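These are the structures in question, set out in turn.
Look at the two complexes coming up: subunit A is in both, with subunit B in one and subunit C in the other.
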Partner chain A sequence: MFNEIKNQFATNDVIIKRDDLYKVSVNYERVFSLIDFVGDSYNYKTLNAITCTDWIEDNHFAITYMLTTIDRRSTFMIQTMVSRENTKIKSLSQKFKQAEIMERDLAEMYGIDFVGNKNLKELSLENWVHTPPLRREFDTLEFVNNHLTFREGRDDNVDTKVEAKRLRAIKKAEKEALKKAKEEAEAKKIQEENQDGK
Partner chain B sequence: METGFLQEQRTLEGDLNSKTSHKNSVDYLMNWFRSRSIFVLAYGTGCGAIEMPPTFTSRYDAERLGIRGAATPRQADVIIVSGYCSYKTLRRIIRTYEQMSNPKYLLALGSCTINGGMYWDSYNTIKKLEDYLPVDMYVSGCMPRPESILEGFIALQKDISNGKASSWQKYEDNYEFYRKNQEAVLGKTVEPSYEADWYLYDGGL
Partner chain C sequence: MENKHITIFHGPQHPGITGNMSVELDLIGETIQKATTHVGYLHRGFEKLVERRTVIQAFTIVCRICVPEPDPNEANFAMAVEELAGLEITPRASYIRVMVLELSRLAAQFLWMAGQSGSIGLYAVGQWAIADRDLILDLFEELTGARVYHMYIYPGGVRRDLPEGFLERVSKLLTYMKKRLKDYDDIFINNASFKNRAIGVGIVTKEEAINNGYVGQILRGCGIKADVRKDAPYLIYNELEFDVPTQTAGDVYARALVRRDEMDQGIHILEQVVAKMPEGEVMVKMPTHRKFKLPKDDTWVKVESARGEFAYYMAGDGTENIRRMQVRGPSLVHAFTLLEKLLVGAELSDVALIMNSLGICPPEIER
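Let's turn to the complex of A and B:
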């Protein structure tokens, strides 16, 4: 099977992760014919998931299609790299009905355009006008600080580290004072004894 | 001497009947009625919704205090925002709240509604509910147990019978303020659309 795929789809990147989990990386042009091929010849007929990983350093997305056999005993991952900018990918929703909602999710979270998907509406972010939130250039903390108001802390709210340091200093001072007092008392006692002795 | 839940109830209701400054006896009576028959909208957001079934069923039995469920917003007195509000949920909460008839009260549960809780750095979760809707009573906890929810209800009942709980009035008076905050996070169209795509698309189900 793997030799066949290596020859036909011009790839050397075949990883056997487990007895029942394989991963193949191919060029974008060959992805859909490979999906057809493993479906027809090796029974990987169910689309489990479409995932996307953002490799911002290499400026590409890694799109992974996960296919499972009908008896659910073996999974086949087909990965391909696509550009991060104005990404356009052919939709799988004609072949797999369930691909529609997966593509909707990716379109919403990464801003990928799936050509051929009729229903590419936002899934959970309504009227979202900012950067798609799962792209790595989206700075969550900065966004939250700019767009949302936080509750101010209580007036008696203190920095725990500073407060612990302060309390420790007080405790130390108390201890030293106690020690000093004790020493003084002992010195006095000795003095008194000496005086008595005289 | 009462024991068990009778005593508990006596303790909880302790100063519900205390003498307070009412304008007149009609006011007093109206507030008494309102505080003793609280209809809670069957609606939950976030994880706090899981604490509500035990509150209303036989173990904690909120109905002994006159607190019971209502099926639709128009019949309900209280809406419980029981956890984090994402933008999508907030739209629905606003519509539901505005559908409820006066007098209406809002009970917010959990640290998420107070200061964002564990979602403090989430990009689609609001941090302070009172910026968007008027809150009568906050119940802290992550999540509050049914006992705490009952305590919150009792405190709300006390406020109602004293004539202090008037958040709906506040919402009407400061509508511009609330609307401005709502539009700041939700965009110009605050209310959700009524159409759901899954039954309109591709010939329906």
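Let's turn to the complex of A and C:
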């Protein structure tokens, strides 16, 4: 199977990750014909997942299709790199029904346009107008600081750092007091022993 | 005739909904014409959060991805990290992990029993099931310090060894469960009220189940013997004897029978684990968590949860952070592709029944 894939799909990037997991990386132009090929020839007929990883430093997304055999004993990871800018990918929703929701999820989280998917409406983010949140340039901390307000909390609410410092100071004082008491006790003991000796 | 069509929301605040989600139903009379699943009430951004944390900091939040059954998340996370980092866990840790996963499966099946029976008004079953689940949670509390979110299956092994006499207490519970489950057969599984409502409802065909990527009891309920523990064994499942129960009807009742049989198999697995538990260490030596780096590589790991195949994609980038962790629980496809189709033509009163039989859990959709 691997030689066939290497020859037909012009790739040397075929890795056996485990006994039940293989990975192949191909150019975007060849990815859909490879999905058809492993399905028709080797029974990888079930689409389990579509994943996306943002490699912002290389300016591309790694899209991975997980296909399993009908007996579920083996999984094929087919990975392709696509540009991060105005990303358009052919939808698999015509071939696999479950791809519709998987693509809808990624479309919302990464801003990818899956061409041919008729149901790319919002999924969990309501009226979201900002950068798609799973893109690396989306900074959660900055977003929270700019868009959300912090509740003041209870009346007895204290800054945890200040409170920790106060508790540390109390502990230190206790420790020193204990040390001092111990030293005093020892000094007293020595003094008493000396007096007894006299 | 103007009022022929009505639209109602089933959830997010409805006792018959399986978590924080809703289904928009277009009805004529009591018959559903169209069903649209809505999520977004619960999004906590786990997949984004783990990108900001170190590997071990990320470990503390993954269990929260699924409330009824958090341990498959911990197992997947640990297995993915171990595979990327090249760590191999000890035999004792493998056995303990299987024990935790099977106890967790059993607890989740009791919770399903409570939901499924409650969906048709058999509330006594639910009360029994929650009480019996609590006995398992007691063991979890003793073992891990927590009842629901255990944070126990740690990358490199498990967080601590078994307390003294723990295996005896597991055995005692299993003996009780074996006896107790027969009561559930009488009050629930063989109950005519349940049979009348569940047989012939929510039918999934074999071809559809394979083509659309359904997992767990949906597959097994229509005759496909699929179980990750058998098909791609992880931990020590290949050393254990157990069956994969199947049914052929593909309806709500078939899925209930599969789940019930799985409880027996779970007890059988646990008995073997208790008998064979090896001695030894439970953790391998790990680097300090601040210096723990994953190489630039990716992997795909999966376990069999109580509701079917639960998988994680994980990519490292050579730093202390995880570049990408994507969760593929059973619910994403079941709640949209399957539920939206199954509800068309069904009666309004069957919505909760069908939803519960699919085991949909919204937190893993909105991860």
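Assume the second predicted complex is superposed on the first by the 152 of 198 C-alpha atoms of A that agree within 3 Å, B and C clash if a C-alpha of one lies under 4 Å from a C-alpha of the other, contacts with A are read in each partner's own complex, and residues count from 1 in each chain.
The rule we apply is simple: a residue touches a chain if its C-beta (ideal position, glycine included) is under 8 Å from a C-beta of that chain, and two chains touch if they have at least 3 such contacts.
It should be emphasised that the depicted structure is a prediction, and the values quoted were computed from it without experimental measurement.
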For this session: Tell me which partner A:Lys17 touches in the superposition: subunit B (first), subunit C (second), both or neither.
Result: second
Exercise. For A:Val144, is the partner it touches subunit B (first), subunit C (second), both, or none of the two (neither)?
Worked result: first
Seminar exercise, completed: Partner touching more residues of subunit A, subunit B vs subunit C, is chain C
For this session: Check whether A:Met66 is in contact with subunit B, with subunit C, with both or with neither, and answer first, second, both or neither.
Result: second
For this session: Have a look at where A:Thr75 lands relative to subunit B and subunit C in the superposition and call it first, second, both or neither.
Result: second
Exercise. Who does A:Gln98 touch here: subunit B (first), subunit C (second), both, or neither?
Worked result: second
Exercise. Where does A:Thr53 make contact in the superposed view: on subunit B (first), on subunit C (second), on both, or on neither?
Worked result: second
Exercise. Where does A:Pro133 make contact in the superposed view: on subunit B (first), on subunit C (second), on both, or on neither?
Worked result: both
Exercise. Does the superposition put A:Leu125 against subunit B (first), subunit C (second), both, or neither?
Worked result: both
Seminar exercise, completed: subunit A positions within both the subunit B interface and the subunit C interface are 124-126, 133, 138, 140
For this session: Over in the complex, which subunit B residues touch subunit A? Could you list them?
Result: 86-88, 91, 114-116, 120-124, 126-128, 131, 184-187, 189, 192, 197, 201-202
Exercise. Which positions of subunit C touch subunit A when the two form their complex?
Worked result: 39-40, 43, 45, 47-49, 51-52, 83, 210-213, 226, 228, 231-232, 298-300, 302, 309, 311, 313, 315, 323-324, 326, 328, 332-333, 336-337, 365-366
For this session: Under the touch definition given earlier, write down the residues of subunit A that touch subunit B in their complex.
Result: 118-119, 121, 124-127, 129, 133, 138, 140-141, 143-144, 147-151
For this session: Would you tell me which residues of subunit A are touching subunit C in their complex?
Result: 17-18, 20-21, 23, 45-49, 51-55, 62, 64, 66, 70-75, 77, 96-98, 100-102, 105, 109, 122-126, 133-134, 136, 138, 140
